[in-house]
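Input: a single structure, listed below in structure tokens.
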Amino acid sequence: MKRPSSLLQTNSILAMLTVMIVMVVMVMVSGSFAAPPAPTDVVAEDLPADGGGAAMVTWTIPTGVDGLEGFQVWRTEAVSETTSRVGNERGAALLGVQNQAYQNEYQRLVGVEGVAPEDASMQARIVARQAVIDQRDSVTPTETGPHGRFWVLVDTVSADTDRLQVGKLSPSDEYRFMVYTVAKTADGGVAKSEASAETGMVLPAASGIDVKRLPLFFILLLLCGSVLFFIHWARSGRPITIRKIAGLSAVDEAVGRATEMGRPILFVPGIQDMDDLQTVAGITVLGRVAKTAAEYDARIEVPTSRSLVMSAARETVHSSYLAAGRTDAYNPDLIYYVTDEQFGYTAYASGLIVREKPAACFYMGCFFAESLILAETGNSVGAIQIAGTAMPSQLPFFVAACDYTLIGEEFFAASAYLSGEPDQLGSLKGQDMGKIIVGAVLIIGCLIATVAVITGSESLMHAVDWFKDSVLSA
Amino acid sequence: MNLIDRMANLDRRWIFLMMGLAVGIPIIVIGITGKTLPEEPTPLAQAAFDVLDGLEPGSRILMAWDFDPASEGELGPMATSFIRQCAQKGHRMYFIALWPVGAQMIRSSTSRVIGGYYPDLVYGKDWVDLGFKAGNEAVIKTIVTDFAQYFPTDARGTSVNAIPMMEGITSLADFDALVNASAGYPGSKEWVLYAATPLKKPLIIGCTGVQAPQMYPYVPNQVQGLLGAIKGAAEYESIVNNWVRSEQLLDALESGGITEPTSSELAARFAAAPSEAVTWTTEAAAASMSPEAKTKLIELATAPIPGIFLEAQRRMGPQLVAHLLMIGLIIAGNIVFFATRRRGGSQ
Amino acid sequence: MNRQQLTLLSIAGVFVILLVVRAFTGNGFGRIYVERGEAAFVKVEVPVLDAPDGNVESEGVRSMWVDASSDEAVDFAAAESPRAGWYSVKPVSPRVYFEATISDDALQAALSSPFESTIGSTDLGTALETWRLALLEKANAEAAVQAEPSVEINWKALHAAGFDRKTSITVTPGSDFKTSLGAIFDAAQAAGDSDADTTVVVADGRAIVTTTADDVVPAIGLSWPRTIGLWLAAIFTLAIFSFLYKDNPFYKIAESVVVGVSAAYWMVIGLWDMIVPNLLGQLFPGFVQGNLLPGLGTADPNWAYLVPAIFGALLLMRLAPKGQYLSLWTLAFIVGTTAALRMVAYIEGDFLSQIKATIEPLYQEVMNADGTVNGYSSFWASVRQITLLIGVLSCLTYFFFSVEHKGVVGKVARVGIWFLMITFGAAFGFTVMGRIALLAARFEFLFDDWLWLIDPTNQRSVAAAVGGLF
Amino acid sequence: MKRIVPLWITAIVGLVLIVSNFLPGTRSWGEEATTWFGIIAAVAFVLGGGSLLKVHLKKISDRNSGWAYSMIVLGTFSATLAIGLFKIGVAPNPSFPDVPWSGDVQGQGTPFWWVYEYVFKPLTATMFAMLAFYIASAAFRAFRAKNFEAVLLLGTAFIILLGRTFAGYFMTSWIPVDGPFSGLRLEELSVYIMQVFNTAGNRAIIIGIALGIAGTSLKIIMGLDRSYLGGGD
């Protein structure tokens, strides 16, 4: 629980190694009394069809061992590990030499020779540094272990296991493995066998295909396939039906009311540029609103926060008026760019609402914090408000303050429906297929899991676990 | 004009003023009295603490500070407490930022906590500031497999090869846990999708109130600890403060010769009720302790918690008053709405 | 201007005048204090103790810059070693400044108070230590626990000037501490030590006995740049808040400043944190290592990085009068990368993982500590799981666009919309919560850092004693 | 040419990045591409500054209304840029005092830091803090319980607002913690709402968005969706 001192931290690797060595030695000593037999036929192989960095170690469990506890799997160090271990060990040892020499010399100088402390420390440092230089070659790092190598403990496994998948290896280094048997001794202690024979060199290289990730690949293929299929379906002229979207039917009502009251309609296409899908969807909805407005002869005003959005909006509104046969009523000056600044734009738009008192306000696109300010101002002048956005954090405010809100995907669906483009409709349909799959998997999965718990059926539980761990998590 | 009409036409500046007072007055009161409201930790804050507490000292923790001054009010206290817990526990901290201003957030939180309260931590050995990198989720995606590709140097321009604690770090897989304080994009969602899910690493998230609801579905499979908004910060802060105090008390007790398990029990007891430490030192059980150790123990038990570790708990005061104001405003607004509507509307 | 506005303005005016008066009298609020010092470095040849790569042959001497006051500098620096230095500034809390002020006063008072200890025959070291402890005791009494004065003997300087700790002296102390110190050094000089001038200097809460008074300059003091900065920050904060009353030029100025500063800020960060180490460091490692990032290891140029360099240049074509379409190539790279990254990550991390998290047994068994089933908890855990599943399915139904919302589907979708409303209600609550915390943080800045009305971090607790602040 | 090259770039980069998820041999290609992406993202900051310069220079030369504010934008922009790019007043890195440009431009005490601490930070933080005021005014004037859905939304919001402060604890502290109705304590209730209802709703949204993103990404990589190239085909 406690934080180790900084010295301990420096040498934590060293300390760990020392403990290991002591353990190994202890085991060797105790092993001479009643050592269980070591596992035989220890074989290591690169794990096939993986992303690299993993190997499989297998062994034969020795028979007739009393109190068999499990097995310890060890591996050799990689070259880089050896280098850093040796470096650390030497560094720590030399630091120790230096500190010792400094202490000795300082005490001698101050205590025996009566040198002033400020001189003594300097002289002692010189001596200490010389001591390091003198003893540099005598400090050699430990390099011991069975088979003349240095080993690192990978893991301990239970008694009935005869294989271990070793991960987190470097795909570019070669490794050897060995296994110990661990068993209880008669006096209640734990004894470790002699080391097994070491395995051959294994290079845990990456293979051509990562099999573990194949389920993900097929699921992607399935989802993409259904989207592409329905795009193709729609392109070939076959009908795609989309359910009625409540917010859209309200458009007519809102525009109608604006005409009745003789007040304008305000349309805000969000504050992002055309590269945001929500802005694109917003402009599509604008097309529909403008068409209705042209038919009813209502005035529609569109302040934008980006100049590109302005051009797109003008184009769209123009073609809507064209479609309604009212090109004479189209006024491009009512669609204009204000400023890129978030709050500058908001201040302008809310000012506009207060001045012009529009009968209907549409907020369709990507919104951030300004959603709240706009919706509030619109509400205060008694406008019918219809919003559409996919920003999860802004939806609550629109829902609370507007009359209709196109929520998230509904907004995109509305855009697809209005645009009538086969690509948009097809991909919407494709996504719907994805949702059917989700629903089916959830219902079946939960039912099977419930049955498994209630009946206690092991095989069903395994099936559910397998599905969750292999298919659903790549 | 009756009351309803007056209210319906209320100038919004009066509401602004109410909000200003609702936040301002509690700050002054709490600032002068120094009293904070008690915190009952919820399971998610406790889980965040437990993940870091369960790791061995010396574990490698990636601390991703993805926020800016605009959200420091919510996330600053979380960052402070995260660092405090890791520093006290002895974890090695690696700071990175995906927001341009995040680099300053790293500097301010580390200088406040490590500089002020853990000066014995060594830069490059116990903590390292790797600074900001552009690329949003692409940064995460890359360092999942190759760390050095994006981070050739730390924020101070030192090659990572020359930083002792970077030894053995080749990818995100080499870390023991990820901690993220996030104010938006890129942030917690990206850490979940690009790092925690493929690597299956413990991820602790501290995020703003705006993001928090969207992070709940990831708990507990993809996110192990979640601190949402200032409330999450205050809960976690109080857990960490209590724990740090009991750790310090444990040290004092053990250096005074009290051994486990008595020492742990006592430390927990005194952390909860500091006054008991004073009475306990007069009892027979404490006879073996030296007078210096006793003084130290009493001092530790009764010393006030430094102000920077109470930031979130202080802010819960204005929060309480402002929440009540909000509820009052919504109810009042609806009363006005329904009253005017029943009379046929005033518009 | 009508009467109401006039009244408001006069109230605000009086308030402002009071603030300004309070700020600039005594040790008023809104000031930032710092400690100035010198950073000095020297380049020395230091023997290498440990070879990081474990290779004994690579050990030897390493040429490196070290702090001029470090052990290495003392041991290895020569007169001709290259040196460099600059001023360094460290912020301190106002409390440190106030404590130093109290300590300084206490030390000055103590120095001119009577010296009551006796010294007699001893060596110089002991005599000075006796004097030091006596002064410290006196000063502590004067400071009355509000501050902790300290007294130091600069042995390094004294030693260099020729004084020796071990010199035996006999001292007759003077009337006060100052004359007594003079008497000690007179005795040392009489005993054959150096005849250098000695003195005691008081600065920054410390009294230092040294040879040259010029070496000791007060380091803790007001920082004008930071104090002006703090006031500027406060003014900007208020300028933004002024928008709440009405749109006005102050707000517009503040808004323009933030636009200009943030764009430049991001540019600078992008350059120094990303383009220099990650792009130039790959293309021109030698130049970057030599001039900009000396800590970067040397390597050969990685010409593959010409690709992002070219893409980057193409992106900037958007600013050019002609050939703007070329920036679309870079845009295509950005869009392609994001699309591919998101496609896999969202399916793996969101789609599959969320399905996985939802597949749980609907009947949840909760065990008691003794291994029996807790019926009550099991019931609620199961309800919880069933509610969750119903919620997910019904919300998905609402977002299912191929079927009209009629009949059963319509009813399920209606349940879905209820779930969504509760979800949005939760988001509403959390968002409100977050916004308020941000406002609280700004108010704390105004009340704590600027106005010093509150002191939660205990930065100024002794201020009242000095300036009569409150 | 103007359209074909970008489409190919998108397709190739997209495919390489997707494939690198499944074929370990191509993983390094993916890493390379994402690293380049980061560099380009940094260049985008430069582009942002450049566009700002262009827009405001035009405003000034056209004498648009408020051009004086554009002067302020340009002035603060150039000053910050100069201070940062030329590392004005930045002391060298203490490990390399002989390399004058080695210093840390963001380090505490530098002029660039000053701009951050006393200009950038208070301004951006206060801009966001203003939202607390707006949300209060919207609460009074806009959030109406006009139908059952809105009642649900506001009711949940009340429970969260109360349950996440001391008020919730205070109001329902009379309900025993270990009794059968402990779940009705506001703080418990708010946890329950977050972990069940909110999780369910958001889970459906997340699944839907994931499908939408996969579909859109597919269309972009296949060249079916070209809206990013600007204005249709």
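A, B, C and D are the chain letters, set down in written order, and residue numbers restart from 1 in every chain.
Throughout what follows, a residue touches a chain if its C-beta (ideal position, glycine included) is under 8 Å from a C-beta of that chain, and two chains touch if they have at least 3 such contacts.
Small disclaimer: the values here were computed from a predicted structure and weren't measured.
Highest inter-chain contact count (C-beta pairs) belongs to C-D.
Centroid distances built from C-alpha atoms place C farthest away from chain A. For the pair chain A and chain C, the distance between C-alpha centroids works out to 30 Å.
If you average the CA atoms of chain C and of chain D, the two centres end up 24 Å from each other. With centres defined as mean CA coordinates, chain D is found 20 Å away from chain B.
Shown for chain B are the residues in touch with two or more other chains, namely 16, 19, 23, 70-73, 100-101, 103, 133-135, 138, 141, 150, 155-158, 197-198, 210, 213-214, 217, 229, 231, 319, 322-323, 326.
For chain C, the set of residues touching two or more other chains reads 244, 255, 259, 265-266, 269-270, 273-274, 278, 292-295, 335, 337, 341-344, 346-348, 350-351, 353-358, 389, 392, 396, 399, 420-421, 423-428, 430-433, 435-436, 438-439, 441-442.
Residues of chain D in contact with two or more other chains: 18, 21, 27, 34-35, 37-39, 41-42, 44-45, 93, 95, 102, 106, 108, 116, 120-122, 124-125, 127-129, 131-133, 135, 137, 141-144, 149-150, 153-154, 157-158, 161, 164, 194-195, 198-199, 202-203, 205-209, 211, 214, 216, 218, 228, 230. Taken as a contact graph, the chains are fully connected, with every chain touching every other chain. Chain contact summary for the complex, chain A toward chain C: residues 82-84, 86-87, 90-91, 94-95, 98, 114, 116-119, 121-122, 125-126, 129, 132-133, 136-137, 141, 216, 219-220, 223, 241-244, 275, 341, 343-344, 347, 392-393, 395-397, 399-400, 407-410, 413, 428-429, 432, 434-436, 438-439, 441-443, 445-447, 449-450, 452-454, 464, 467-468, 471-474.
The residues of chain B lying in touch with chain C in their complex are 13, 16, 19, 23-24, 27-28, 30-32, 34, 70-74, 76, 100-101, 103, 131-135, 137-138, 141, 150, 152-153, 155-159, 161-162, 192-194, 197-198, 208-210, 212-214, 217-218, 221-222, 228-231, 306-308, 310-311, 314-315, 318-319, 322-323, 326.
Note for the complex: chain C touches chain A at residues 47, 49-54, 56, 59, 71, 74-75, 155-156, 159, 164-166, 247, 255, 259, 335, 343-344, 347-348, 351-353, 355-356, 358-363, 365, 389, 392-393, 396-397, 399-405, 420-421, 424-425, 427-428, 431. Touching chain B in their complex are the following residues of chain C: 244-245, 265-266, 269-270, 273-274, 277-278, 281, 292-297, 337-338, 341-342, 345-346, 348-350, 353-354, 356-357, 423, 426-427, 430-444, 447-448, 453-458.
Contact residues on chain B toward chain D in their complex (touch as defined above): 10, 12, 15-16, 18-20, 23, 37-38, 40, 42-43, 68-73, 100-101, 103-104, 107, 111, 133-136, 138-139, 141-142, 145-146, 149-150, 155-158, 213-214, 216-217, 219, 229, 231, 316, 319-320, 322-327, 329-330, 332-334, 337.
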